[in-house]
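Next up, some structures in structure tokens.
Two complexes, one shared chain (chain A), two partners (chain B, chain C).
For the complex of A and B:
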């Protein structure tokens, strides 16, 4: 078990929390390569090998994995909803369109409930936020080791597949919302916004510094709480997945591949291909059951058999824990996406209201 | 967990996706949905209206039926009355005609009787004369006289 080895455990966690970074290494940085230490003559844009180099890059770096997954998921969102928009008719809607309309109806009613100004942008903004964040959070439900391990076999060293566990991503969105808040505050209230910052809560000129301080803190707290709430929740969820995966070096179900690759990672001598084959077989059995080819009882038996071959009863425990946490996490994922959306709407609504 | 360029990358991406959604997704779907809502509302309205129309038509039809029935009953009544009247009139006429005929017949009979009487009177005088002649001729044969008178009387 990997848990018996503290060094590899720490390594495993750290590896999981390291983004794939592309950035600028400053001149004079001592780079550890296979051929020993190499001192960089000038600033170099390169992929970071390890946390030290990533840290040395400082601000001038970009998390390639976070950006790629975030943009990819955003494109999936756009493609899905655009397809629905193209197909949208006034006639009887089909299944997929029904689903999209369900989401849109839900967002529309939420916006109508909490946003009282007139702005054509708020509803689409809320839709984008909700679906996009939901999709980003959903990546959390993929087995923690699956994609990183596959990509590692393909030669990519680090991979964090849940963009919302990256504070850059969540704060980026929160700052976007903050910019909109400031814009509409100034646009709608004009001088009233300055008055709001200086004359509340104590309406007297002598209190202006205190008012300004309090209001500014309140204003700045909004984007920070917005971004960090999402980040914190997703980060903690991801950590628990990692910890469960680590506790059970082998797994079943969701944890099957997780645990299998885990075992591979820490040299338990299990072949990753073997685990993948078992995973595919289990998926096949489940699929056959869904298609009605084999009975549920037989499916359970076959799955259990495959899992027993695959990871043993202990592994099954790990898989069950992953399953349990994943099911609970579905709630967290949806809730966090929803909270981010609702708070955005509320903040923008406050920016539109003349009277405090 | 360091903040870096990704922050701004995400901000730009965010802006682009929101813009896309605002331009090409939201208005299209929401318009279609609202139009469909309107269509459904119109359809339901039309159905309601049709129901009301149907009810009104049914009411009207029932009224008309009732009216027609009443009218028909009136006509039948009138016809019956008229028929009775005609029968009554005919009866009356028949009776009058009968009476008239009877009176005429009686008058005729009276006339006939009178004429017969006249004739009889005329013949009686002759017969009496003839009888007297006979009596005088046969003298007095009581038996023969009686027989003659009887004969005479039977000729009356």
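For the complex of A and C:
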């Protein structure tokens, strides 16, 4: 990677971290197009081409990709669990039904352990939070370049497929939890909530400003840390996937034959197709081995040969690193979904406890 | 540019230091607790994972920001 041009790697990362934004460009904005600079006469609603345009949109912008993926995954969750709920019988469950029961029992026992109030809404809320966040995080395990590249061929410039690497999504969810916290605090405790905020650490009227300051900071820190924790973890994970992919691409460029061959055949920047061909060939060789058509020794030789043509050991190493980080990341994505859920339950439980 | 990279190094190093102390204490206490009362093992392990995730979050966020500094901010500052 040392010989790499820093501008192109930076561009690669920034391209990956840019959302697909739809919003209002203010009038008078100088837009860079293929035909040169174009000055907008009036406010225009449009897709942003690049980070500067997205920044110029300011408040009136929506991250189309985050919204589409998160809402889509939410719908998948609803559809899956509804299908299981409709099919549920008193008999022995099988397969998919069993899995859904497992998830629901797990959530149920967690809620019973940490929620001590009386509220019908907490368990379904916990289930939704857990499964939804898990599904959103799961998008991180798809190869980083796969969907953005495919959509790029289809004409979509930017695509961030992991909604939880978008702070708007995680902070939005944290804000939802915060509203529920306030609602139940006021509903259950009433005036007691104000008393809790003003009289808590030091029970004397003279300390009210100090108490209020400390309690408000504590109260506001909860949703803030809740949203940022999920965002930070997923963002860092995504970043590492991107960096590995970058090393992988740089290594592939130094392959024995490929560097020249690839450039000759396809020109710069179209590695994806070439890689797909090699990938399919390697899969085909492995499949033939499984069917007993060719011996194992020959399979190893053929695979190594293909990889040497395709980019040598670097590529294999990059793939293995990607894979290893993905396996570690399975733990992280589940844990973060679980933590978000448990903390939501704990915060709501605190809102239900009368004498604190 | 050098200062940005030193900033990233400090961020990574101190984050790892704090998290390592926290994780060490957490794991040690878990083993201690499970040795005293083996029947509480599964329950303690679940709680341990929750706290491990909480401890893990801050340094991981640090890693993310450090990576951003090294690979995106530093080249653009240097050029």
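In this section, the second predicted complex is superposed on the first by the 295 of 356 C-alpha atoms of A that agree within 3 Å, B and C clash if a C-alpha of one lies under 4 Å from a C-alpha of the other, contacts with A are read in each partner's own complex, and residues count from 1 in each chain.
One rule holds in what follows: a residue touches a chain if its C-beta (ideal position, glycine included) is under 8 Å from a C-beta of that chain, and two chains touch if they have at least 3 such contacts.
All values reported here derive from a predicted model rather than from experimental measurement.
Participant: After the superposition on A, what does A:171 contact: first (chain B), second (chain C), both or neither?
Facilitator: First partner only.
Participant: Using the touch definition from the top, say if A:98 reaches chain B (first), chain C (second), both or neither.
Facilitator: Touch partners of A:98: none, neither chain B nor chain C.
Participant: Who wins on chain A residues touched, chain B or chain C?
Facilitator: Here the partner covering more residues of chain A is B.
Participant: Is A:335 touching the first partner chain B, the second partner chain C, both, or neither of them?
Facilitator: second
Participant: Between chain B and chain C, whom does A:60 touch in the aligned arrangement: first, second, both, or neither?
Facilitator: first
Participant: A:236 in the overlay: touching chain B, chain C, both, or neither? Say first, second, both or neither.
Facilitator: Second partner only, chain C.
Participant: Kindly classify A:9 by the partners it touches after superposition: chain B alone (first), chain C alone (second), both, or neither?
Facilitator: In the superposition, A:9 contacts chain C only.
Participant: In the superposed arrangement, does A:32 touch chain B (first), chain C (second), both or neither?
Facilitator: neither
Participant: Which bits of chain C are touching chain A when the two form their complex?
Facilitator: Touching chain A: residues 49-50, 52-54, 56-57, 60-61, 63-64, 67-68, 71-72, 75-76, 78-79 of chain C.
Participant: For chain A, which residues are in contact with chain C within the complex?
Facilitator: Residues of chain A touching chain C: 6-7, 9-10, 13-14, 228-229, 232-233, 235-237, 239-240, 243, 332, 335-336, 338-339, 342.
Participant: Within their complex, state which residues of chain B touch chain A.
Facilitator: Touching chain A: residues 1-11, 13-15, 17-18, 20-22, 24-30, 32-33, 35-36, 39 of chain B.
Participant: Which residues of chain A touch chain B in their complex?
Facilitator: Per the touch definition, chain A meets chain B at residues 21, 23, 54-55, 57-63, 66-67, 70-71, 74, 77-78, 81-82, 84-86, 88-91, 93, 100-101, 104-105, 108, 120-121, 123-125, 127-128, 132, 166-169, 171-173, 175-176, 179.
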